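Have a look at these structures, which come just after this line.
Each of the next two complexes has chain A plus one more chain, namely chain B in the first and chain C in the second.
Take a look at the complex of A and B:
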């Protein structure tokens, strides 16, 4: 039995003025896998993440998520459907504590709120943030990334690696089925990188598929089963990282021929 | 010493009112990063609403408040969906928003002259309660106390909304980063439109109280109210609605002390404070970096 395909990108194109940032991109993500997306700077990796997460609308092509057409759907609706992401440069919500950052995400994940909303409406407590019964989701997300001890701190007081973990916790609180992780290990030390690798591997066991964009090959090597190599807006290779290292075109792209 | 206490007490009461005058502008700026240059004109419209209620319908002007909240919420949604999404997509949203809202301000003023004429209108102070009360042996007009109390109530509502409701949490998330807010599932347009509605409603409520606090009204008061609001907001902290309370009170005290000791200089107060703050602490007294945050 072949694994179930959850995301299918079909002939997607994206132009910025005259520049073709994505050119006929085809890509699939299967259940319970971590797909590595690699390639030199400007090869279209982050653009592809932005198109899948709804920040950009593709100029051509289709994207399917569990068989449903999703290209052009607004980002917030995709979050409700189960696609979420982290950002290259983390920007936690300032003025909110770590826990509140995660709470906002859980409150707006578009799930399980309605029923308890009406329950609380009867008690005149509908204006309060507590009506969604999100506390468990919030605590789970925080403890997966290991920020338990910092949860009452202001989010802006965290260091870079903690802010990246917070970004991850926030994404997890929306209960994603597909997680897009954009350069999460960049700028972190070995120990922090290993910790994030470990977290991502536990997520896959919880039936979350992940696309990882990364430059750090040892990180990619450690966690991915399959990589897609991009160059000038198109995928040029698909397979394991070892195979990629022996592929003539991939070597050319990375070492400049 | 008598004069000092009088200036102090009236300054605080006026300050609370002026906090309400500015808070809507700051809320809209915080959420949309756009300066609503028509803010003062919405206050002016609110004031004329109170005047209409009093002189044409024989109502207590305060009863205009709930009606105006309803009307200005709708106007806020309309203004948001007509302009803001398109502005946000443009290359320089902040600059273009200045021009756009300046245009809206001009249109509102022109229409108001058309509808109400250029003559000054007023509502007797006694409609908010007759006489005066004594605070620290100073006799303070009752209408000022009522206006300050209503202002405080409205500011309390904004605080409750931002810090204790689900939509308020989302609003604060958007103030911090709209892109990340939408990525966690928040419908940024809907919540921003709501913030615009609240911002304009707050302006209108300040307008209802304006005839009692700043005297007679006419369609041209909008422009100076926008300047005043801007000064108050900058003193507190641009993009931080609750900071406006501090801005309002500093402004109210400065104005009242000037009026008591150097009356002819009073009109310079907002501009002098604005320039001083911009020179000394451009991010406002409670400020942190707004643009890069």
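Take a look at the complex of A and C:
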């Protein structure tokens, strides 16, 4: 049985003025996989993440998520559908505490919460505590990334690596099915990188599919089963990292012809 | 979670105490006009707090909504013979409708929003004070509402508006809706990634904020009963409300209250007897505040900040 395709990107294009940042991109993500997205600076990796997560609207092409068209849908709706992301430069809610940062996202973690509210309303149990208990979701997300001890601190007091973990916790609190991770390991030391690799690997076991954008090849090598190499806005290679290293075009792109 | 509940109880007690205080004060203190103005500025500061404190938009033209409320309520009473109370409520609605027209301004940010909002309020002022509209708005000659004048009733109406403004801020402070607004204030892109409908949430805050200012304007018109366009569109009203919020501390219930009571109290204490010293002290106080307490007086309560409503 072939694995189920959850995200399908079809001929997506994105232009900034005269620059074609994405040119006819085709890509698929399957259930329970970590897909690595690599390529030199300016090859369109982050733009693709921005298009999939709804920050940019594509100029052409289609994107399907579980068979449903999602291109051009607003970011907050995509978050409700189960697509979430982290940012290359962490963008937490600086003035709020770690817990509040995650809480905001947990409030919108899918419709289960609202559904259970109406169910309780029907049975006249809505005064009962816990019909829509987001506290558990918040604590789960925080403990997955290991920020339990810092949860009363303001986000602005965290260091970069902690802020990146907070971004991950915030994304997880929305209970995503697809997680887009943009250069999370950049600027972190070996120990921190290993920790994040471990977290991402546990997430896949909880049936979250992940796209990882990264320059650090040992990180990509450790966690991904498949990579897509991009250059000047188009994918030029798809396969394992070992195959990529032996591919002529890939070598040309990275080392120059 | 427990801290939050304690904060809610403190907030409710504070609101009840303040409301009771202003209900009883006229019996022992005869400067009714001063008490009315303090309540007016508390309500305006709390209304401005809804949009500035929780979403970060600084509405320099906030007075525009106040003026719209005053004029709409007055004209409904004079021209269409609507009852005073419904006219004031409709004045609030009219301010919100102008708020809807101005929602595109929310696409701007920072100083650009403040300037555009200021310009919008001036545009409204010039439209209303236009002599060609004399048959409707009396143009620059002002409004006379003496037929419905009632000092006690309008004082009590202000009391209710102040209570309403307090309750709105407390709701924002305590609720999940308020939390998502603060998330938008901190970073609107991250907020939308977290699943917050940014446009809808901030529009709701904006319209509620306008509604409060409109109510204040309507009640002010009823209380003073004679006013000119420049009275209700005076930029000083915006500036006062902004300074009071900043001084006390934005995004809290108690901040704008502290700010208004201290600064407006000072304004009346020394500003009227010796205005030359007032400007000096006022200026110094604001400079000191920005240097040492940029987040307002409430930041003094650092240790108990989780309990400050």
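Methods note: the second predicted complex is superposed on the first by the 237 of 257 C-alpha atoms of A that agree within 3 Å, B and C clash if a C-alpha of one lies under 4 Å from a C-alpha of the other, contacts with A are read in each partner's own complex, and residues count from 1 in each chain.
By definition in this document, contacts are C-beta pairs under 8 Å (C-beta built on N, C-alpha and C of every residue); 3 or more make two chains touch, one makes a residue touch a chain.
Nothing here was measured: the structure is a model prediction, and the numbers come from that model.
Visitor: Superposed on chain A, are chain B and chain C clashing or fitting side by side?
Guide: Partners clash after overlay.
Visitor: Pick one for A:135: touches chain B only (first), chain C only (second), both, or neither.
Guide: So A:135 only meets chain C here.
Visitor: Where does A:89 make contact in the superposed view: on chain B (first), on chain C (second), on both, or on neither?
Guide: After superposition on chain A, A:89 lies in contact with neither partner.
Visitor: Of the partners chain B and chain C, which touch A:251 in the superposed model: first, second, both, neither?
Guide: neither
Visitor: If you stack the two complexes on chain A, which partner ends up touching A:19: first (chain B), second (chain C), both, or neither?
Guide: neither
Visitor: Need the overlap of the two footprints on chain A, from chain B and from chain C, as residue ranges.
Guide: Overlap of chain B and chain C footprints on chain A: residues 53, 55, 74-76, 79-80, 84-85, 87, 91-96, 100, 103-105, 107-109, 170-171, 173-174.
Visitor: Show which residues of chain B lie in contact with chain A when the two form their complex.
Guide: Result: residues 160, 164-166, 169-170, 172-173, 175-177, 179-188, 288, 293 of chain B touch chain A.
Visitor: State the interface residues of chain A toward chain C in the complex, per the touch definition above.
Guide: Against chain C, the touching part of chain A is residues 53, 55, 74-76, 79-80, 84-85, 87, 91-96, 100-101, 103-105, 107-109, 135, 170-171, 173-174.
Visitor: Would you pull the chain C residues touching chain A in the complex into a rising list?
Guide: Interface residues on chain C, with respect to chain A: 1, 176, 179-180, 182-183, 185-187, 189-198.
Visitor: Of all residues in chain A, which touch chain B in the complex?
Guide: 53, 55, 74-76, 79-80, 84-85, 87, 91-96, 100, 103-105, 107-110, 127-129, 131-132, 170-171, 173-174
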